[in-house]
Each structure stands twice: as C-alpha cells, then as structure tokens.
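Chain naming follows the written order as A, B and C, and within any one chain the residues start at number 1.
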Amino acid sequence: MTGGRRRPLPAWFSGRVAAGLAVAVVVLAVLPVALDPYTHNLLTLTFLAISGALAWNWMGGYLGQVSFGHAAFFGFGGFVAARVLLHESIPPWVAWAAGAAAAGLFSVGAYPILRLRGPYFSIATIGLGEASRIVFTYLEGFTGGASGLSLPIDPDLKARLYWWALGLLALVAAASHLIRRSTLGLELLAIKSDVEAAADAGVPTALRQDVVLALSAAVAGATGGLSASFFAFVEPNDLFGFDRSISFVLMAVIGGVGSVFGPVLGAVVFVALRQWLVASYPQLYLGLYGGLLILIILFEPLGLTGVALRVARRFGYRARPDLALGSSAARPGRPASEAR
Amino acid sequence: MPVLRAERLVKRFGGLAAVDGVDLAVEEGEILGVIGPNGAGKTTLFALMAGSLAPTSGRVWLDGRQVSGLSAHRVVAAGIARTHQIVRPFRNLTVLENVTVAALRGAARTGSHPRALAEEVVAFVGLADRAADHPGTLTLAGRKRVELARALATGPRVLLLDEVIAGLNPAEAQRLAGLVREIRDQRGVTVVMIEHVMAAVMALSDRVAVLDYGRKIAEGSPAEVVRDPHVVEAYLGSGAAAEVHP
Amino acid sequence: MQRLVDLAVSAVLLAGLYAAMAYGLGLVYGVLRVVNLAHAGVIMAGAYAGWVLHRALGLDPYLSLPLVVAGSFVLGVGVYVLLVRHLPRGAAGGPQSLLLLFGVWLVLRNVAYLLFTGDDHVIRTGYSTRAVPFLGTWLPVNRLAVFGIAVAVPLALHLLLRHTYAGRAIRAVAQNADSCTLVGIDVERVYALTFGLGTALAGLAGLLSATLFSFNPAFGSSELLKSFVVVVLGGLGSIAGTGVAALILASVEAYSILVLPAYLTSAVGFVMLVVVLVLRPGGLFGQRVLG
C-alpha cells in the first residue's frame, strides 16, 4: 500500500460509475420541467420497470436462478402497500416500505422452494406465481377478489411519484453495482458457476441465495407498492398475473441477463415496445415476447448488452470477455492494441 | 490427539455400501496417503469427511470437535478443505477470483485481507503469471493448481487432495508433488491424499491407508503397505499375494 | 364412506392421465437434460387440435388421437431441430434452455389466442355423459377411456424403449451422450426423436384432458407443474415410479376437496411440488436439488 495515510478505496467503489449515476440522477430529476404529463408519467412507470428488472437480474443474472414468478413478490408488496394506503393518514412512503418489507419476508417464508437449484427453482417459481394469483384472488377480504381494491386518488402524489421512483431506481442501480463488485458478487458468481464447488470452497450458498432473493423480492414489492399508488387501483389477476411475471423476465433478457446495467436498457426497450404493441398489435404481444426470447437466446444471449459489446469490439475496445457475465473486477474496455 | 478422525464411517447408496465402516486417524502435520483399487470408496470417504455427503452412520472429528453432519461450507469453516477428483474451477471467474472466493474464509480466520491472501496463495502454487486468466485457458496442470490454491486459501487445518497428480506428465507431476510437500512443510497443513500414482504416494506419504470395497484393509508406512498380501490381492487378485516375497 | 370410494376411483382414473403427461416430460429431461417448458404449450395445443378436429370434421377424439399424436411429434421434432439444437453445449438445464422453451410456450399461447380467442372449450361427444356402474359409483365412460389410453401409451412406449434398437439408443444417450458417438449412434437424431416423443405424449395428454376438462390458451401451466411433481417423485425411467407418483398426486388432489374450497384445489399441485422437492433432496440423478 502507499505510504500515505489515506485508506485505499474499497474494490467496489468505482468513481466512474458513481459519477455516471450521479449525473444521470440529476438530469432525470430536473427533466420534468420540460416534459408533458404523458411522458412524465410514462417515465415514472419506466423507472419502476427498470428497478424491477435490475432486481430480477440479481437472481436471474448474478445467481443464475431464473424466476418466472416474480409477480408473486410484486403483487404481495403491492397489496400490502395498498391496504396501508387505504388509511390516508399514513404517509405513502410508509406504505411502500411496508410493501417492500412484506415482499422480502414473503420470499423468506417461501424458502423451502426458493433454495432449489436451476430448473427446479424455475418451475417452483412458475408454481409460486400461479398459486399466489389463485390464493390471493380467493382471499377477497385482503385483495378485494377479482374486483380489486380502489385507492384514494391523489393527482399530486401521482406526479410526485416520478421522484420517488427515481430515488428507488438510484438506490437499486447503486445496489446492483455494489453487489456485483463486492465479495458478495464474487460468491454469487461462484454459486452460479458451480454451487457444490462453491460450498466446498466455503461459501454459505443457501444463505447467500436467501439474502439475494429477499432483496430482489423486496424491490419487486416496492415497485408493486409504488405502482399501486400510481394507478390507484390493484387487482390480483393483474398484479399476480402471468403477464406480470413474464415482463420481469423479458426486460432482463432483452437488456442482457447477467450484466450489471443491461436490464436498464432492457426495461426501457420493453416499456416502449409494450406501448407500441398495445397501440398497434395488442393481440400479438405474447407471441412477440416469445419470439423475442427465442431470437435473443439463440443469437445474442446477452441481449442488447451483447450487441453493445460486439459494437465496442468493432471499434477496438476489448472488453473483458466475461464483462457482462462475470467478473466483479471488470474494467471498461481497453484499446485492442494493448498486449494481452 | 489426531487432528482428523473418522470413526466407523458408513455411506450407503441404496443397497450398496460405498464406505463400509472406515476408521481413520490422521496425525497433525503428516501426509497420509489413501490408496485402493477403483471403486474402493476413497472419494466417497473424502466427501464424507468434507461434508459434501452426510454419512449413513459414523462420525468425523476435527481437533476433537465433531464435524460430521455439518454442511460443506461449515466444514470448510471448521478447517477441512478438499479438492475434487475432476477439477471444478469456476469457469466464469479468473484464477485470482477463484481463489479469492475461498480466501474470504481463510482471511476471516487469520484476520488478513482476502485479496492479499489470494494473491499470496496464487503465487505459492506458481500461478502468479496466470492470475488474470480464466481456468478454461489453462492446461490440466494449471487447473489442478487452481483447485489446490482454492482449497488452500480457505486456511484449512487439513487438506484433502483427491488425485491431484493423476493425469499429469512426469515433469508436472514432480512439480506438483513438490508443492504438496511444501504445503505441509511451509504452511503446516496436514495433508490426506488419494492417489493412483504410486511413485507419488510412496515418495510423499508418511503413512498410507488402503481401502478396498469400502473398508480399510491395511495401514502403515508406504513400504509396509506395499508388501501387505491383502493389498496385493486387492489390486492384483487372489493368487498374486502368494507370489509376493516379504 | 361412499364419497371416499368415489374420490379414490376418481383419483385412479386421473392418475393415468398425469402419468402420461409426466412420462413425456421425464423422457425429455432424462435424455436431453432439458426441462421442456413448452410441454405446457403442447398439452394446450393437443387439446385444441382435438377440439378443432371434432368441431370441423366431427372426428371422435379417440379417432383423432393418432393424428394429434403424430402432429405433436412433428411439432416437437421441429422445435428441436430449429431451435433447441442450436443451444450451446452445456446449456442444457441452464437458464438459456429454460428461457428458449418458455418463449416457445408463449408463442404457442398466442397462436391459440389468435385462432380461438380466450374462451373456454371442452370436447363433448355423444357418450361424454355416459357412465358405467362400479363399486357403487358410476364411472364416466370418458374417464375410463382416458385412463385406458393414458396408461396404454406410455406403457407401450416403455416397452419400445426396452426392446427396440432406437429405444436402446435413447437410453444409451441418456446415460452418456459422448460415448454414444463413439459407437456410431447419431446423437442428434436421438435427441430429435426423444424430444418429439416427449411432445407427442404431451399432445396426447392434452387431447385426453380436453375430453374431461375445459381448457383455454392458458391451459397447461398447472399440468406442467403436476408433470414435474410426478417426474421428481417417481424418478426417471421408472414406469412403476411414474405410476405410483401419479397416483399419489391424484389422490392428494382428490382428497383435498374434502378440506379445501374448490377454487383452491388448483393450487394443490404447487403445494405438492414444494413438498416433493423439499422431501426428496436427492432430486434426479442424485444431484443436489437444494441450494
């Protein structure tokens, strides 16, 4: 180490990323002065989508555990928040925090399934999503059944959700980076590669997975809560629906499963795509999503991040081969002229 | 007191007993070789001692503390680390990162910094110049060293090496054998090694235990064990023992 | 008491169907190590195929069986050759194969929505409502027929796997695909064949289900779950195990009606899945199922 008295920065801190994030947040925070209400609200929803996609990616990308049932967490958090929101005297952020906490606990409570590996985990999440939808639609006292719950409408809050959602996004994005670059990220990648060997190397695999899942679920729950405030209406078949679960998967896959910030791009593209589809070809959305999944998996499994990497290589930047997939010590591209 | 002790270990898979009542005592600071014909249960024994598998019955003690029944990562935390017969490096991580994952445990034990420990161990096994590469780009010898480094970085009391030398050419085998001795000599780690390469076993081991059909059939110094008629019979079949002259 | 007998009989009849569904999934998983999420979609497709043939051509579902099964087989082979084959080696069972087949499932669903809208349908024939007396209860003829076919077909397939060259090739590939190339087995063809067989069974199960239950394009996901339960519980390749597991699942479902409100019984499959996966940590091939 140097002779100076300053402690070296921890490995997970990247000045570049921190600066980039800060700039993005500032720009986005100021942006609404120039926006019409429609775009303003669309961005709010986009921020929520991005947060959800990033959080899904912690499981699907970092750990390699593909969840087809994240709607269960989104929905549970959404409904818990909604029930709190019904009491207008309680500040909304308390409701959202409650939703997040509830979703996190829900995932912990479901731990028997959620400690499974690979395809078993994925199938179990399909079941979790479906079972949640069925059970919560049945629990009419809690969710209002198929008619759902109407929440007090507050146009002022709806506009302010923009900054709340942005704040959540900033947190989630920072966390995404932190997790990946920390020793936790390293352990997650090891687990993803070979869970038994990871355990043999001393990694407490089950605990790590529980923690990441709880965080992922909490974020999904938080976005559910904010979404509840946005629409001022919640309904179990929507919040817990298969379509909802699919959206998480698709956003991450489009952007690049396993990359750190790929899901950001993926969510933006997905939201735009969905807007267009709803307007132009509403009856084709499932097939288009399916087709996209197929094409991406077959031709560019890293989605848009993969495409970006290819382009970067064309221009002489040699990103580390596993930049998107792997190492926490990933550094931005270096010119190809540098000897390996 | 032996640093590692296995007491009447049994592991059944369905009706088959892969390990059938094995007692083993490993003294601190020794290199114990474990040999036996294929299918004798050696790797299963390691798996039982390292917590990868739970024993059907029997117990394992480390420094007098029972570790049988603990999950693999807890056994590592207690102080037993193993390598795998077929190496399993983390393919998505670099060599240094592979070792760093393990060093998180080892550093906790010694209070040092994981990265520093990982770098030291990587240098110790001779991979300092390949630290930033992925295991896929290494030769088998290199990958075995990664595996070894990873186990070592957990800071174990006892290292279980499963055929680290098999499959290497003579020069590499020599170097790796030397490394194993250094691990014991310089780092004070007790080593138990499964090996088929007899020359390595004879040269490195202080004592040798022989397994056959899940049971220990002989134990002693390398020279004694090699002449034991039971051992010869296990490897070469009955009738061969009669031809061995003491 | 009579109710209990009724439920038991009901369970047995249903178990046949579950066994047929599961066998296909298990076959693909055992040989290709791929969990075919599109299994759900093909079940749904089989149901619709039978329904269409019945509506358009008046074809009795049991007569259209060969057609539907053949069609499902071709569909499966097509999916394999066009899509699954191109997955990188070692991706089997990994996120990529899951996502790919999930995509296929979505496409199948959309096609169904486009062609048939989201309405519920069921295949009703002239004898759908007929029943024969048995043990003091009435056995619906269609359930009996479903049981018979559902049991016969996997059994026949199982015998084929045991006694034909193709069957032995499939089993060999399941054990060690690399070695198979050394002895001249065309592994890719075996994979395609197996995938097709798996989907053929799914189509069969879908057609049979359509004669018993109503379905819509979302049909198939709980069937997928149940198939998975049976596969994990019953073990791979064991026809007896599959049968027993199917029976257990069907029984739990049947008797759950006694304690659960009807609407919730569809969640039973999921609960069974959890129980099974947790209690059988050996999973398949003795892999660790738990993280």
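The criterion applied here is as follows: a contact is a pair of C-beta atoms (placed from the backbone, for glycine too) under 8 Å apart; a residue touches a chain by one contact, two chains touch by 3 or more.
All values derive from a computational prediction rather than experimental measurement.
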For the chain pair with the highest number of C-beta contact pairs, give its two chain identifiers. A-C
Using mean Cα positions, find the chain sitting nearest the overall protein centre. A
The distance between the C-alpha centres of subunit A and subunit C, rounded to whole Å, is 33
Cα centroid separation between subunit A and subunit B, in whole Å? 42
Go ahead and note the Å separation of the Cα centroids belonging to subunit B and subunit C. 45
Two or more partner chains touched - positions in subunit A: 196, 205-206
Subunit C contacts subunit A in the complex at 35, 37, 83, 86-87, 93-96, 98-100, 102-111, 113-114, 218, 221-222, 224-225, 228, 232, 261, 263-264, 266-267, 269-271, 273-274, 277-278, 283, 287-291
Residue positions on subunit A within touch of subunit B in the complex are 11, 183, 186-187, 189-190, 192-194, 196-206, 321-322, 325-329
Subunit C-facing residues of subunit A, complex: 60, 64, 66, 68, 112-113, 115-124, 126-128, 130-131, 134-135, 138, 191, 195-196, 205-206, 209, 242, 246, 249, 253, 257, 283-294, 297-298, 301
In the complex, go through subunit B and note every residue touching subunit A. 50, 52, 71-74, 76-77, 81-82, 84, 88-94, 97-98, 100-102, 104-105, 114-115, 134, 150-151, 154
